[in-house]
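Listed next: structures, encoded as C-alpha cells.
Look at the two complexes coming up: chain A is in both, with chain B in one and chain C in the other.
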Partner chain A sequence: MFKILCHSIYFHLINYLRIKQAVFFSLAFPIFLFIVFGNIWGLNQQEYVASLFTGVLGMTIASDGLFAIGPVIREYYASGLIKYLRKLPMNILSYFIGLIISRVISLLVVLGLLTVVSKLMFNFTPPSEQIINLIAGIVIGLFLFAFLGLTISFSGIKYGSEKGLINFVFFGVLFTSNCFYPVGQFNRIVGAIGDALPLNPILHVLRGEASGFIIVLWLITPIVLFSVLFRRIKFVR
Partner chain B sequence: MNKILVTNISYTVKGKQILKDLSFEVKQNEVFALIGKNGSGKSSLIDIILQDLKPDCGEVKLFEKEKFNYKNVGILYDHLPLISLLRVEEIIKYYCTVHKLKYAAIVQHFFEDFEISPIEKSYIRTLSLGEKKRVSILLAVMHNPDLLILDEPFANVDPTITNRIWNVLKRDGRTIFFTTHNWADAEKRADKVAFLGNGQLIAEPLRPAEAIKNLPAQKKLIFTSTQEIEQLLTKEAYYKHDGNIVCFSQPGSSLIGVIAQHTSNFSIQDVDLTDVYLFHLKAESHV
Partner chain C sequence: MMIILHSLLFFLLFMLIHEGGHIIAAKMMAIPIQKVGASLKPYPHFYVSVTWPRSIIQKYTYLFAGMAISWLIFSIVQINDYWGIKSLYYGLIIQLIVEMNPFHSDIIIAIVTNRKGFKKAGLNNFESVYKKELAAYHFSALWYLHFSLWMFVIVLLLKMT
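Up next is the complex of A and B:
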C-alpha cells in the first residue's frame, strides 16, 4: 500500500511537471507576481511584503486546488481511465491521495521558492513560528479548494464547460480576497463578499489570524455536495 | 468450469434497446470471439460483464461468482489505459508496483514479443495507435491473469506481430473473451464464435468451422442485385448485402448457368464467417 502510494505520488509529479501550463501557473507565475507587486508597493514596506507573501501563496493554493484535482479526476471519468484504475488490485484512494500529496509537494516547493525570492529581493523571511500556519494553510486550503473543484466538475455540467465555471469561481474569489491588498479598505461590500468566500479564511490561517466559522462552513459544504453528486455518477456509453 | 456466465442480460439506453435477453457462457481454457458490427453492443456487453454498467435485468458471473475481484482478470476496454505525458516504461513500472512484479521480469518475458524495446522510452503521445494498443495489451496480460477480456485487441496492430502476441495471450491455456470485427482473425484464433446483431446473439456460439459448415452450402455466388435475377431464386438460400446478392451454391449446381444467362458480372467464392453473420442476420427477410 505504502509502495503504491509513493509510486502514485511520483507518477502524478512527473505527469504534472510535463504540463508546461501547469508548471507556469503554479510555480513561475506566483513568483513573478510576488516580484512585480513587491517591487511596486513593498520595497520599503516589510508589512506589505509579509502580506503579499501569504497572499501569493493563498492564490496558488486556490488555483492548484480548483484546477489540478477536480478537473483531473473528472477527466479520468470522461476518458474511461477510472474503469481501469477500479479494476487494479489496489485501493483506488491511494491513487488519488497520491495526486493530492503531489499537489501538496508542489505547494511546498512554491513556499520554498517564495521564501528564497523574498529573502533575496526584499530581505524578508516569514518568522519560524509562522511555518506551522503556512503548512496548515496549504493542507486545509488545498483540501477545501479541491472539494470545491470536484463539486463543480461533477455538478452535471457538460464535460469541458466546467473549466470555464472554475475560472469564474477562481477569479471571483481572487479579486474579492485580500491576496494583494486589503480589499475591504477600498470597498466595504466587496470586502464583505470576500470575507464570505473561502480564500480570505485561508489567508487568515496562513497569516496566523482567527478565521471564524466561515472556514468550517466551506470545509463541510463542498464535501457534502460532492458526496451526494458522486453517488449519482453513472457510466454511460 | 465457466469463467464467464452471462444470463438473460438486457440493456437499454434512453429508450434504445442495446442488448436483448442475452445468454452465453465462456468455459475454462476457451478462446471466445464475439463478432458484431460497430454499434452492435459489444463494448456495452463488456462493460456489463465488468460491472461498469448495470443491466436492466439478468446476471453475470465471473469464476462462477456474482461478486468477484479482478485480480485474475486482464482487461482491455475500447479506450486505452494510457496517460499521454508519460513514457511507456513509466506506465509499465507503475503497473509492476501495483501487481507486485519486477520490471526486469516483464522486460524479459514480454518486450520481445510485443516489440516494446524500441518504444520503451517514448512518450505515449508520440506513439501510433497500434503501438499504444500493444502497450495496453501488455498491461492487461503482464500479471499473468487466468481470464482476459479484450475489446477489439488487434484493431490497428501491425499484422506481422499479432501471431507472436496471440501466442503470449494463449500461453498456459488462458481463457480469452474478445470482441472483434476482424472476421478472419476470429476464425483463425477462436475456439468458439458468437455473433451479435440487433442486440441479440444471432446464432448459437459454435466453433468457427462448425458455424461455416452449417451454412446451406460451402460456395457462394455473388452478383449485382436486380429484381429480374431475384425472381429466379425461388429455392436457393441467399441474402442481400451492399447492393449484391450472395447466394449459397452447391458444387455442380445449375444455378451458375442460370445466373450466367443474365449477367457476366459474378464471382464464386468460398463461404466464411462473414456469411454466417450476414446470412443469420438477414435470413428472415430474404430467404
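Up next is the complex of A and C:
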C-alpha cells in the first residue's frame, strides 16, 4: 500500500513538473511576487517581510488548492479517464491521495524557497515555533481550497466555464485578503468581506493568530456541498 | 488619487512615444506601415504593424526603436534628476517594466523570430508559426533567464525611490 502511494506521489510530481506553466505559476511566480513586493515595502521593515512571507504562501495555497485539484478531478470524470483509473490494479483512493500529497510537497518546496530568498534578500527567517503553523496552514488551506475547487468544478456549470468562475473566486478572495497588505486599514468594508472569505482565516493560521469559527464554516460547507453535488451530477459524453 | 491619474497619463504618453519610435524607424528604413492601432490582448496596448523586414538589421532596428526611445527618456530624466515628479517616475517605470516583460513584448518578438523553427518556416503562415514558437519559448531555460533579468530590472527601478 505504502509503495503504491509513493509511486502515485512520484507519478503526480512528474506529471506536474512536465507542465511548465504550472511549475512557473506555483514555484517561480510566488518568489517573484515576494521579491518585488518585499523590495517595494519591505526594505528594513521586517514586520512587513514576515507578513508578506505568509501572504505569498497563502496565495500559493489558494491557487494550488483551487486550480490543481478540483478541475483536475473534474477533468478525469468529464473525459472518462476515471473509468480507466478504476481498472488499474490499485485503489483509486491511493491515486487521489497521491495527487494531494504531491501538492503538499510542492507547497513545502515553495516554503523552502521562500525561506531561502527571504534570508538572502531581507535577512528574515520565520521563527522555528512558526514552522508548525506554516505546515498546519498548508495542510488545512489545501484541504479547504481543494474542496472549494471541487465544489465549483462539480457545480454543474458548462464544461470549461468553471475555470473562469474559479479565476473569479481566486482573484476575489486574493484582492480582499491581507496577503500583500492589510486591506481593512484602507477600506473597512473590503476588509470585512476579506475576513468572511476563506483566505484570511488561513493567513491567521500561518501567522499563528486566532482564526475564529469562520475557518470551521469554510472547512465544512464545501465538503457538504461537494458531497451533495457529486451524487447529483451526470456526465454526458 | 491625482498621482495615480497623472501616472496613468504619463504611462499613456510614454506608450505613444514608444510606438512613435517604431514609426520613425519604419519610415527611416522605408518599411511599409500597415496599421497603427490598439489591442486588448494579451493586455491593453498600442501597436504598429509593418510589412515584416527582410534584413536582420532592419528587423532589430525596427523592433528595438521603441525601447530605445523609452530608455532615452529615462536617461534624460536621470541626467536632469526629474525624479522628484512622482507621477513621471511611476509612469516611466511602469512603461519600462511593461516593455521588457517576458510574456508579450518587442524583446519576445525579437527572440521568437530568431528561433530555428521560425527561420525554417520563413514568412509563410507567420501567425501560426509565431504562436507555435512562442509556446515553445515560454518557460524554457532562456525564458527563465529573461524573466530573472526582468525581475532584476524591476527591483533596480523600484529601488530608485
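The rule we apply is simple: the second predicted complex is superposed on the first by the 232 of 237 C-alpha atoms of A that agree within 3 Å, B and C clash if a C-alpha of one lies under 4 Å from a C-alpha of the other, contacts with A are read in each partner's own complex, and residues count from 1 in each chain.
The criterion applied here is as follows: contacts are C-beta pairs under 8 Å (C-beta built on N, C-alpha and C of every residue); 3 or more make two chains touch, one makes a residue touch a chain.
Here the structure is a predicted model, which is why all the values come from computation and not from measurement.
In the superposition on chain A, A:Val36 makes contact with chain C only, not with chain B.
Once chain A of one complex is fitted onto chain A of the other, the partner contacts of A:Lys20 are limited to chain C, with no touch recorded for chain B. Touch criterion met: A:Met90 reaches chain B, while chain C stays clear of it. The larger set of touched chain A residues comes from B, when the choice is between chain B and chain C.
In the superposition on chain A, A:Ser161 contacts neither chain B nor chain C.
Contacts of A:Phe11 after superposition: chain B is touched, whereas chain C is not reached.
By the touch criterion defined above, A:Leu81 reaches chain B but does not reach chain C.
Contacts of A:Ser128 after superposition: neither chain B nor chain C is touched. Against chain B, the residues of chain A that register as touching in their complex are 3-4, 7-8, 11, 14-15, 18-19, 79-81, 83-84, 87-90, 234-237. Every residue of chain A that touches chain C in the complex is listed here, in rising order: 20-21, 23-24, 28, 32, 35-36, 39-40, 43. Those residues of chain C that touch chain A in the complex are listed here as 138-140, 144, 147, 151, 154-155, 158-159. Residues 13, 18, 43-44, 47, 50, 52-54, 69-71, 73, 75, 77, 79, 81, 83, 85-86, 90, 93-95, 97-99 of chain B are the ones that touch chain A when the two sit in their complex.
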